[in-house]
Amino acid sequence: MTGTVLTTRRVEAYHALTVVAPGIAERFRPGHFVAVAVGGPQSSMLTRRAFSIHDVKPDYGGTVEFVFTVRGPGTAWLAERRARDTLDLVGPLGRPFPLPRDPVTCVLVGGEYGSATLFGLADALQQRGCRVDFVLGGASADRVFGALRARRMGETTTLTTEDGSLGMRGKVTDVLPGVIADTRADVVYACGPMETLRGVTAVAIEFDIPVQVAVEEAMACGIGMCMTCVLPVIGEDGVTRMVRACAEGPVFRGERVRFEDVGTIPFDALGAPGSPSGGGGTRNVS
Amino acid sequence: MTGTVLTTRRVEAYHALTVVAPGIAERFRPGHFVAVAVGGPQSSMLTRRAFSIHDVKPDYGGTVEFVFTVRGPGTAWLAERRARDTLDLVGPLGRPFPLPRDPVTCVLVGGEYGSATLFGLADALQQRGCRVDFVLGGASADRVFGALRARRMGETTTLTTEDGSLGMRGKVTDVLPGVIADTRADVVYACGPMETLRGVTAVAIEFDIPVQVAVEEAMACGIGMCMTCVLPVIGEDGVTRMVRACAEGPVFRGERVRFEDVGTIPFDALGAPGSPSGGGGTRNVS
Amino acid sequence: MRTYLAHVELINPITTAAGCAATGKELSQFFDLNRIGALVTKSITMAPRAGRPTPRMAETPSGMLNAIGLQGPGIDAFLERDLPWLAQRSVRTVVSIAGGTVNEYGALARRLTDAPGVTGVEVNLACPNIEDRGRVFARDPSASAEVISSVRALMRYDVPVIAKLSPDVADVVAVARACVDGGADALSMINTPLGMSIDTETLRPSLAAVTGGLSGPAVRPLAVRCVWQVHAALPGVPIVGVGGVLTGRDAFELILAGACAVGVGTALFHDPYSCLRILRELEELLQARGFQRLADAVGLAHRPPGSAARHRADLAPGPGAPDFTVPPDPLNMEESSL
Amino acid sequence: MRTYLAHVELINPITTAAGCAATGKELSQFFDLNRIGALVTKSITMAPRAGRPTPRMAETPSGMLNAIGLQGPGIDAFLERDLPWLAQRSVRTVVSIAGGTVNEYGALARRLTDAPGVTGVEVNLACPNIEDRGRVFARDPSASAEVISSVRALMRYDVPVIAKLSPDVADVVAVARACVDGGADALSMINTPLGMSIDTETLRPSLAAVTGGLSGPAVRPLAVRCVWQVHAALPGVPIVGVGGVLTGRDAFELILAGACAVGVGTALFHDPYSCLRILRELEELLQARGFQRLADAVGLAHRPPGSAARHRADLAPGPGAPDFTVPPDPLNMEESSL
């Protein structure tokens, strides 16, 4: 689980770390993430930080790269790592993107660093003969991740920024309907802030095409044990359950995620306090 | 209080760090120590680590060097520091060695890394025309600190190791009586483990010459506020008090330190539970 | 490194802590669950529970707060799906149970008593008592005792009942004693003390549930103290030490305080292999110090000072030194009673 | 950034925590003591006290244990030497007092009532009550109330009496309420919870006194929770928030929970300038968020959710979204009563 940092680089507003981790690289599938320990041996920060895997390469037996933005002390610490430092990672984790059997047309939508996870996916899709079009957005030009690579890989690439500094002014959801219509897309894949995923899902529903979203929920373990990362998702049986973003996700069918109710327990969820299924008030309080 | 690490070096079994710290270097007197924060910004280690100042130099406005052995996680972290890292130090702290007015003969006794503090002292003594003789010891050759420098500075230098790998086999206290007799020493200075200081003090008392010892007690603050570093010391008035090694010390007259009672509250100490002075049982328990 | 939890033998003292290893399946991806002393399940309730809204977790210095709200499938699904999965693999399983009334705990025990594969039952007492205005059972010796005796009465005689105690009390020994009097075969401590943090950006509590349980190394000093106090008062009662164990050293610390088994919780989130690592480190520590059996180390730190050499020999009074040590301070009951 | 401790105005909310700034002289080498809201002295006892044997300190994850045993010169020396030194410099001084009986606390109040330079009296209730088999006052509402009313009765009417509470209780609100009923003008919380660590080399407790008080960031979640609970129950009572404050953010957290002043303890050992740094950071945080007065932030996190935007807008239900939020769980009294 301990890997050596091979390279560090800045990509616009983001940092990227490449770490030698053969065990993770080997089993990687697009949509997987890693959970990274931060702060070193005597750190006061106990919980791992989750990052989508951006890229894997065969060098040194296998490397993984992830891209991140500095948010709090954990990512600040990561941003100070240098080549040859060691890093403690667990992975690959989560349910990856499901791939279509047939060579269909796919629109890949990325918001901010959410784009990082889409290139491995594009690769896998193209290997199956799928057509890939990108829609990438961010607050400003430096927060749109991977525009160049998207232009190289995608049939078309549409960029948006909220301040208009790159591509169209606006959000990915503003341009998405046009792209779906133009490309006659069969399926949408998306990764980005929850708000973006909600919008993308709404658009896909409008066009009546399937949408796969990779969500981001605060996580303590990343391996399905702590139950902190749950969100309300409607099951095959129509029942809403609080499911773990790390174990059942992070990739879900967008239509199944009750985006409006994230951060709540919907009253009709299985085991909700008011629900007929029960769910008395018992709780571990101290 | 934040200084940049200028150089790091290994000296036998020890590590040495030189840090740019003009404010500390400027006010340094032999016997002073620094209190160093360990573990970086999100460290779980809250208390500072105390180290005697080994050397100060005028480079870069003033540098201080300290020498240390890896004991626990804090010193392990320090041992990993590299040039250009920053280090957070408070100092100079403590009561330095008092210097004799007259050009007398001084024996300087150092055990293990305790020797580190003696060279600044030797310098100051020699500037006053004192004769300086060294007695340095340690468990093994690589744990005797500063033998070469002592040989250069001292009139004589006697080395001891417990395993006989350097100098005489035995302890500094075994050879000290001979050195005092040979040099007709007027005063003894000592720094090292408590056991060594106790022995050195006993020898000095036998010869009826004054002895100044720099003690080492576990410290949380180093600046006289937490009261963790106390030991029983007999005052001018003959009354034993629990005094702070960081503020009233670390240098004490050896005869005044009740070495046998370190780690206890002697029953006749001011405010001891059984003592007539009172000291009821009131205590902050939670 | 065998140990006993009441009359039940465990192959080693390392267990998971309740609620920190989900159903066991997740952890079994990382190691064979038979290699640890026991798997403690999350607390099972009668009905399925969706738990609390998110955010459910907040990181704090050397710890974390959680307010999961006992999300779980309820006893039926547990008995149908999760327990058989564990039983098929012969995983020694301690089932943790939680309820809102004495009867609910009893009903859970009744459901478990005939279930195959139950090595022990741990009673999570840190739940609000509906019948006493939501007062937490674990904070009240008599309510705790009532729950325990109800569970003990209904549970198969050869399955030990373990009472899980909270540190948020004025006198943990009183609660421990009440539980033992109520029939507890063993005690587990500590559950998480109640804590809270506020997000200084949103100006609101970090957790949707406002308060939550504090776990991780930050609380280890509280766990060591509780284990110490209870072992001193009730030396014959087996204790599972839980709280902030990250390393073999930490497990050893709880064992020296009086625990004969050690639960690993938050550490599992940081390192899914931690149980095995801790076990290995503990074995090494015991070996290095010449212990033949785990039992020889249990509660060892209680023996009178002087019966083993102080580490820093320079601080110990010399052999012939006058006995100037401090006379016992009559008012420091906290220590002098130990 | 003025604040009020009962009717006494402090120029700012940052104070030292009792027992963490010695006599004040030590700290005055680092900054002018007049720049902080108040200096809280270490707890003064009637007689001089030598304290506990060493080791008195053990580092723990994000915290430390201490068992100093109230070493100090006694009230006579304090009134002769330490208090006049502070008074001459016009340092706003809150004198902390500690006793083993109700009478001893009263006797201390009597000695202080005419002493010039006493801005407030803080009553350290975390002392064993000799008359009740060493039971700690702070763990017993009625014993706490008795001490407070004795001190209040004997202390000059215009000097506020502050009760310092411990978190080692099942119900901190009950103790707080008893103290206020007993006449406390303000409350200070938290004192250190009782903890312990064992040295795995010597196989003995790390502290000579066996157990000790846990302080530092590790306990901040307990402090925030106690301040929150007490402010919710007694919104009119001024609270000094103490426990694990290292930065302005931490002070702000306690203020949002309901504290109108903040004590800095362990942080002073790490950084002797920390009081001023924390003050500056707090000022910046308040300014950045547009607060004009400290009072506007006190207890602000209690306002109903929704009256300010959630930070992670993506998690907040949209304006037209159906109200699917969780109905109050009748059993979660801990939160629902707040």
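Each chain gets a letter, A, B, C and D, in the order it is written, and its residues are counted from 1.
Criterion: a contact is a pair of C-beta atoms (placed from the backbone, for glycine too) under 8 Å apart; a residue touches a chain by one contact, two chains touch by 3 or more.
Chain identities (UniProt): A, B = Dihydroorotate dehydrogenase electron transfer subunit; C, D = Dihydroorotate dehydrogenase.
This structure is a prediction, so every number in the text was calculated from the model and none was measured.
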item: Chain at maximum distance from chain D, centres defined as averaged CA atoms; value: A
item: Pair sharing more residue contacts (C-beta pairs) when A-C is set against A-D; value: A-C
item: Whole-Å separation of chain centres (CA-atom averages), chain B against chain D; value: 36
item: Rounded Å distance between chain A and chain D, as computed from the means of their C-alpha atoms; value: 44
item: Centre distance in Å when chain A and chain B are each reduced to the mean of their C-alpha atoms; value: 56
item: Residues within chain C bordering two or more other chains; value: 52-54, 61-63, 69, 100, 128, 130, 136, 139, 168, 193-194, 211, 216-217, 310, 312, 315, 325-326, 329-332, 334
item: For chain A, residues contacting two or more additional chains; value: 44-45, 262-265, 272-273, 280-283, 285-286
item: Topology of the chain contact graph, where touching chains are joined (line, ring, star, complete, other); value: complete
item: Chain A contact footprint on chain D (complex, rising order); value: 61-62, 217, 310, 312-318, 321-322, 324-327, 329-332, 334
item: Complex contact set, residues of chain B against chain D; value: 1, 37, 44-48, 90, 217-221, 223-231, 241-242, 247, 262-265, 269-273, 275, 277-286
item: Residues of chain B that touch chain C when the two form their complex; value: 44, 193-196, 198, 258, 260-267, 272-274, 280-283, 285-286
item: Chain B contact footprint on chain D (complex, rising order); value: 19-22, 26-27, 29-30, 42-43, 45-57, 59, 61-64, 66, 68-74, 98-100, 104, 124, 126-128, 130, 136, 138-139, 166, 168, 191-194, 208, 211, 213, 216-217, 266, 268-273
item: Chain C-facing residues of chain D, complex; value: 52-54, 60-63, 65, 69, 100, 128, 130, 133-136, 139-140, 167-171, 193-205, 209-211, 214, 216-222, 224-225, 228, 244, 249, 252-253, 256-257, 285, 289, 300-301, 305, 308-312, 315, 325-326, 329-338
